[in-house]
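Let me begin by presenting the structure, written as structure tokens, before commenting on it.
Letters A, B, C and D name the chains as they come in the text, with residue numbers starting at 1 for each one.
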Amino acid sequence: MQECIDIFNTFAGCLTASGADPGLAQFLSILLGVVLVAMGPLVIVIFLIWVERKYAARVQDRLGPNRVGPFGLLQTFADALKLITKEDITPAGADKLIYNLAPIISVVSVILIWAVVPISPLHIGADLSIGALYFVAVGSIGTLAIMMAGWSSNNKYALLGAFRVVAQLVSYEVPLVFSLLVPVMFAGTMSMQGIVEAQLGMWFIVFSPLAALIFFISTQAETGRAPFDLIEAESELVAGYNIEYSGMKFGLFFAGEFLHVFTNALIFAILFTGGWLGPFVYQVPALGIIYLFAKGSIFYLLSLHLRNTLPRIRIDQLMSFNWKFLVPVSIANLILVAFLWKVIQLIGLLPGPENASDFLAHLPAAIIMLVGNLALTVVVLQMLRNVGRRAVAANAVSTPANAELDDQPYSLPVPH
Amino acid sequence: MEFNIHSIVFLIFSVITLGGGLGTVTSRNLIHGAVYLIVSLFGVAGLFILLSAPFLAAIQVLVYIGAIAILIIFAVMLTRSMTRMTEIYNRQWSLSLVVSALLFVLLLVGIILPVWGPGTANAALQPSELVATTVDLGVAFVDGNQFVLPFEVASLLLTAAMIGAIVIARDRD
Amino acid sequence: MNLLNEWAFIGVFVAIAWVFPALPVVLSAFVRPRKPNAIKMQTYECGVETVGDTWVQFKVQYYIYGLVFLVFDVEMVFLFPWALAYNQLNFFAFGAGLVFIFLLTDALIYAWRRNALEWA
Amino acid sequence: MVPLWMYLFVAAALFCIGAYGVFARRNAVAILMGIELMLNAVNINLVAFWRYQTPFVMSGQVFAAFVFVVAAAEAAVGLAIIISIYRNRRSVIVEDVDLLKW
């Protein structure tokens, strides 16, 4: 009966032991796991919506939800109830099937990521050998859902919004994947569990803070959060791709977005700050859940804070920032990291598997990587400063009138 | 052939693949065609997983569904080609149908069944339990004796394609 | 057959994960009011009546971004195995990867110099 | 495992469906979609042969990866040409673009 203690992983064994058909037991255990993993994010999202609204309210000097339940905790249930009983309007000329499927696909594409999130040393939906790639691949289905939603609504604004969103999402996928390559390279595996275990001695964020930063920025853009929230640029696109949606389907798009932000925070915690790793986690695996969610919550709150404090950037700036800054920097970072990593390996500074959990043994390697990253950061910032100075100089020469404008305290920015 | 879970899954993915393919070539609306194409490509990804190539399956989703399908939808929108389309087939569609069907029969009767079909020596071929992994693929890519040249040529091809496509697609400037 | 077991999980997951988001939509179909009329079903464009086809023509720039993305996405077919095997490779592998990335960066630089990455 | 010839059967069927799309459709984008189907059929074959015949020699997977690259390059350039033709001739029907035929 020893194996029945950890019920989730040995459910099949337990069932077989109590006399069930092995094939059926196998299937039932998979089904149990699936239901648990698929339910988890939906339970979490109910709480996330409350956190999001409360946080936004506090930043904007409001109270936020405070009527339904203690601290307004039950507000989400009230909202859901309202959304369910709302009339659902399908615009004339909409493509019914695609129109109805799009919000569901957009939520499913987020929930699917949870299948590879390792929440403790023992608990993971499916420890795929290509887990990290699975995360990117599933994310690209979300892009498709938005495209479908925008097209099927039969609305110019929706389609225009969808086009912009898709252009944004696919663009920011490039630096995302480039920075994702870095932890994969360090760990030598794409399995999420393997990536977490490879950080036993040292978190990957120490080896390559630049990759972590780029990953964080890209995920922020992937979820369409400020300053990259052109997805729901109310002032220019009315609402964007979901303009025609109402009722529960509209709610699903938002639930999917809220969940996506938190999921990405978790993925960030797994890839760069050791996921469920923490003291005594191997003795008490359940602690891993707490560690992972604590780390994830920090990055989630950071993302919330960025969202609530930064203004939206223009779409041309958005694209330039990605293609002319993030992508080149992520490529340079990948090359630098690959070079330093190989050098460290060749001179034998990298500890072998026998002391993989030794923090001190990783220190020399970490210092070299860190210095390399900092050097690259300095170089990039220097180049940026030169570009900025040149732009300012060119501006001052071509439009002398601007100088006068700039002196006035309330001058509007000159459009170009 | 024994009737097990593996063959059922194979059957499901085959039906998805072929059904999506049929939808792609027969749908009047090109956006629907693109959606069918995506369904079909998902089926192919499933077949890759059954063939123990999960990396290629993930790449299939990432490249085809995440990038090529999006590009096709962009192109459809850019050319407004799904509207005002009265006739989707050309004059030779019946001939094409015959030729395609003949090709299929030829492939099946002429090559697949005689060489690999049931009853032949190759039919008994059983795949090994162990297969090479994605790590082996990576090693093969940069091994000087194996595929390092194709590896670089692929990069060159992509560069050429990108430059060419930009030159062609851009407005006059 | 551990590998297929993991994928069986994903397969069942894909089949089941639909249910939970679809549930509230289906549920709402039973409880929500349904009073459609022609004006309500109209396309929402700030109260003004819709003019012309919805599928207006778009900037070619969207396609260009998609194109550059596609090239970098396909590159992952090669870079992921490369990164995966990197720990057990020699310095030659770094050189091969460097050349590979360098060739692709060329394309990016070309697009940049031709102003293909500009939004306007 | 399913016998090899069933994979080949599916691949051949997919190839012929794609070929039919290429032969019979008038819209250039639809023709491109047909070509994508054909390339996928080839990929199924490559991976199936790799799995059944030489699971430890990576040629099968490398070729499949190469087909991805070619498919992507083809889609990128092909669609760019279609967009360019549309700009010049306001049509994506292949029969309208037969200037070189006479």
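To be clear about the criterion, a contact is a pair of C-beta atoms (placed from the backbone, for glycine too) under 8 Å apart; a residue touches a chain by one contact, two chains touch by 3 or more.
Values in this document were obtained by computation on a predicted structure and should not be read as measured data.
Participant: Starting from the defined contact criterion, work out which chains touch chain C and chain D both, please.
Facilitator: B
Participant: Between chain pairs B-C and A-C, which one is joined by a greater number of C-beta pairs in contact?
Facilitator: By number of C-beta pairs in contact, A-C is the larger.
Participant: Which one of the chains is closest to the middle, using the mean of its C-alpha atoms?
Facilitator: Looking at where each chain's C-alpha mean falls, the closest to the middle is C.
Participant: Centre to centre, by mean C-alpha position, how many angstrom separate chain A and chain C?
Facilitator: 14
Participant: If you average the CA atoms of chain B and of chain D, how many Å lie between those two points?
Facilitator: 7
Participant: Determine the centre-to-centre distance between chain A and chain D, using the mean Cα coordinates as centres, and give it in whole Å.
Facilitator: The answer is 34 Å.
Participant: Which residues of chain A are in contact with two or more other chains?
Facilitator: Chain A, residues with two or more chain partners: 128-129, 133, 136, 159, 163, 166, 170, 173, 188, 190.
Participant: Name the residues of chain C that each touch 2 or more other chains.
Facilitator: Those would be 3, 7, 55, 58, 60, 62-63, 66-71, 73-74, 76-78, 80, 83-86, 88, 93, 97, 101, 111.
Participant: Going through chain B residue by residue, note those that touch at least 2 other chains and give them in order.
Facilitator: Each of 6, 52, 54-55, 59, 62-63, 66-68, 70-71, 74-75, 77-78, 134-137, 141, 154, 158, 161-162, 165-166, 169, 171 in chain B touches at least two other chains.
Participant: Considering every pair of chains, which are in touch?
Facilitator: A-B, A-C, B-C, B-D, C-D
Participant: Which residues, counting only chain D, touch chain C once they are in their complex?
Facilitator: 65, 68-69, 72, 75-76, 79-80, 83
Participant: Mind pulling up the chain D residues that touch chain B in the complex?
Facilitator: 1-10, 12-21, 23-30, 32-34, 36-37, 40, 43-44, 47-48, 50-53, 55-58, 61-62, 64-66, 68-77, 79-84, 86-87, 92, 94-95
Participant: Which residues of chain B touch chain D once you look at their complex with the stated criterion?
Facilitator: 1, 6-7, 10, 14, 17-18, 21-22, 24-25, 30, 33-34, 37, 40-41, 44, 47-48, 50-53, 55-56, 59-60, 63-64, 67-68, 71-72, 74-76, 78-79, 81, 85, 87-90, 92-93, 95-97, 99-101, 103-104, 107-108, 112-113, 116-118, 122-123, 125-128, 130-132, 136-137, 140-141, 146-147, 150, 154, 157-158, 160-162, 164-166, 168-169, 171
Participant: Would you mind writing out the residues of chain C in touch with chain A in their complex?
Facilitator: It comes out as residues 3, 5-10, 12-14, 16-22, 24-25, 27-29, 31-36, 38, 40-46, 50, 54-56, 58, 62, 65-66, 68-69, 72-73, 76, 79-80, 83-88, 91, 93-94, 97-98, 101, 105, 108, 111-112, 117-120.
Participant: Mind listing the chain A positions that touch chain B in their complex?
Facilitator: Per the stated touch rule, the residues are 95, 98, 128-130, 133-134, 136-138, 140-141, 143-144, 147-148, 151, 159, 163, 166, 170, 173, 188, 190.
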